[in-house]
């Protein structure tokens, strides 16, 4: 039955890999037109929000993969509901490039548009975080985790998963001060996750 | 020879993952223009059929993955014709975003266009369901399933696979009353599949 | 070292899966505009070459996957040159949707354009067939195949691989009579491959 | 724990496969318009920089896959930082098609644009090479490599990885003479890598 967990990992990897590169497709499409009208240097300078959004989305989605990788190492078996939670997680992950793109295009828009698009972006990220929490909670409750997993580690991972959404809401709230500040806070948050915590892979 | 079945699973996963995220690419492309003309809030409100279609397609294709996952757990070996049936299944799955997109764009179109696009959409879904049925029937007939599979379970899965297309045709027929009602019926159908049935993974 | 061959399979699967669905992305993009101008039924009728090209490309690329699957079952180890041949195979496979799309758009073009685009299409298919032949020849020569592979089967596969390109050139030459006839001959050729031959998977 | 390394390989494969085919998507989109205006033969002749860029990018990204494949064969375990280095490697790999596309579009642009786009392209390639070096250095330092790996081979791979970036900078500098010459130098460099070196797979 171990094949079940590894097929779910492979499928999630494919979806996350596509989402990670979707922003690069977006870059491909917006480059040419701008360059034709204004020259390459001016076009690239003009498109900085798109590049910032590319890097931030890559960072967020890259971190989603890291978290998925770290969590699923402990999953021994799957059931129907865990697979459904995982699909819903992917639904929100797949919406991140769309909301990130909207956000980037409105960094220089009206204040109302900045806040709306920031809210949509954080909504996609929170949806993803919610289904990470639900997946972990369900897998623990139904005994789908590996038998040799230390219960204290499982609890520590649960706590860590619950902190994430709170920090994202804080980063979002900075949009009321300045939208670029809010984007930078997301980047900082991803940096925080690189400090090894419970459940992370260690050599 | 077990590698054969797992390579087929991995390939199908890649195709399904791309199809699942195709709609997100579509969202990326229709967002910007609309927003520039009408403001973000108005643009998003105006585009609700696209979001509805995104969620429904994600639900349908997500359920295709679940069903594929649940069925292929029992496949021990493959032969040429089973691989061909699986490729034809993927041909119809890959057509779902195209037909879903046509359907969404015509929710506010003429009655004739609503019915035509709804028919194309259900056609793609029925084609996919047909090749699930053929795959299962062929795998049973040729002894490609795992030796330890209970024959009663195999028959129960067969019955379940045959019910799906009937329910899709019922959901489709609602388009003659109201096209949005028909779309909602598809969503409801996916919900029905979450109730664990024979052949679903259980912890 | 068996991981080497399975990683190559997984990578090739990912590339082939993307190529298989590229045509579906193309459909997504050409649908809307046409529909807005002429109504859905007229737009779909007008676009029939695109649908024919979608089905034929899916058939050709699907058969590439089948052939790749059947061939790599016998590969036990890889070396640098086999990987390079496999990458060059993928280079031509990835060009198939582009040439198929050009071909479809010119089915109603000038005779010169029909022949040029048919030649480009068959060029992509022949390039792919060439590197299948080179991969198999090199793997046999360098002893990279499974030790338990019957040498007579290996020779039969070699012969079968060499027949493919000849048949493709015949199908191509029909473009001088009628371009649609030529496309249909490609479809027929794929059908021929479904008749089980040496090296195909058997239950 | 071996599953960790193979999941990282599978995920990287999916990203690299998408990047490899991104250029083919680009071809699909630029073909039709040109053909409609100028006829197919003229359009294809006019688009030669795009085809050159397609082949070169396929060659560079194909070689990235080969190098990744050859390096990760020796990785036995992963830790958080190795995964982060690998994600950053993928960030630069995913930027290659965008910069290659810019480069191709400006082969006939102003001298300033030629140099800027060539610098961006080599920047993406150097970023990728940097994170290959960091991954290998970190894996060696933290004992993440296979225990049976000959230390002399490990040192030889390190030296080889450090030569790559130097050669890329030389190829880049040719842009000050002629941009097409610089592109051809990249192709030549990929050819050099086909000469088997330390760490490459051998039968």
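Assorted remarks:
We call the chains A, B, C and D, going by the order they appear; numbering starts again at 1 in every chain.
In this section, contacts are C-beta pairs under 8 Å (C-beta built on N, C-alpha and C of every residue); 3 or more make two chains touch, one makes a residue touch a chain.
Note that the structure is a prediction, hence the values are computed from the model and not measured.
Chain C is reached from chain B by a rotation of 90°, derived from superposing Cα atoms (nearest 5). Two copies of one chain, chain A and chain B, touch each other, and the residues they use overlap weakly: the shared fraction of interface numbers falls below half. With each centre defined as the average position of its C-alpha atoms, the distance from chain A to chain B rounds to 25 Å. Remark: chain B and chain D have CA centroids separated by 36 Å (rounded to whole angstrom). Each of the following residues of chain B touches two or more other chains: 10, 14, 18, 25, 29.
Interface residues of chain D, counted against chain C in their complex, comprise 6, 9-10, 13-14, 16-18, 20-21, 24-25, 27-29, 31-32, 35, 39-41, 44, 55, 58, 62, 65-66, 69, 73, 194, 196, 200-203.
Chain C meets chain D in the complex at residues 3-4, 7-8, 10-11, 14-15, 18-19, 22, 25-26, 29, 77-81, 83-84, 87, 90-91, 94-95, 97-98, 101-102, 105-106, 109-110, 112-113, 116-117, 120, 142-144.
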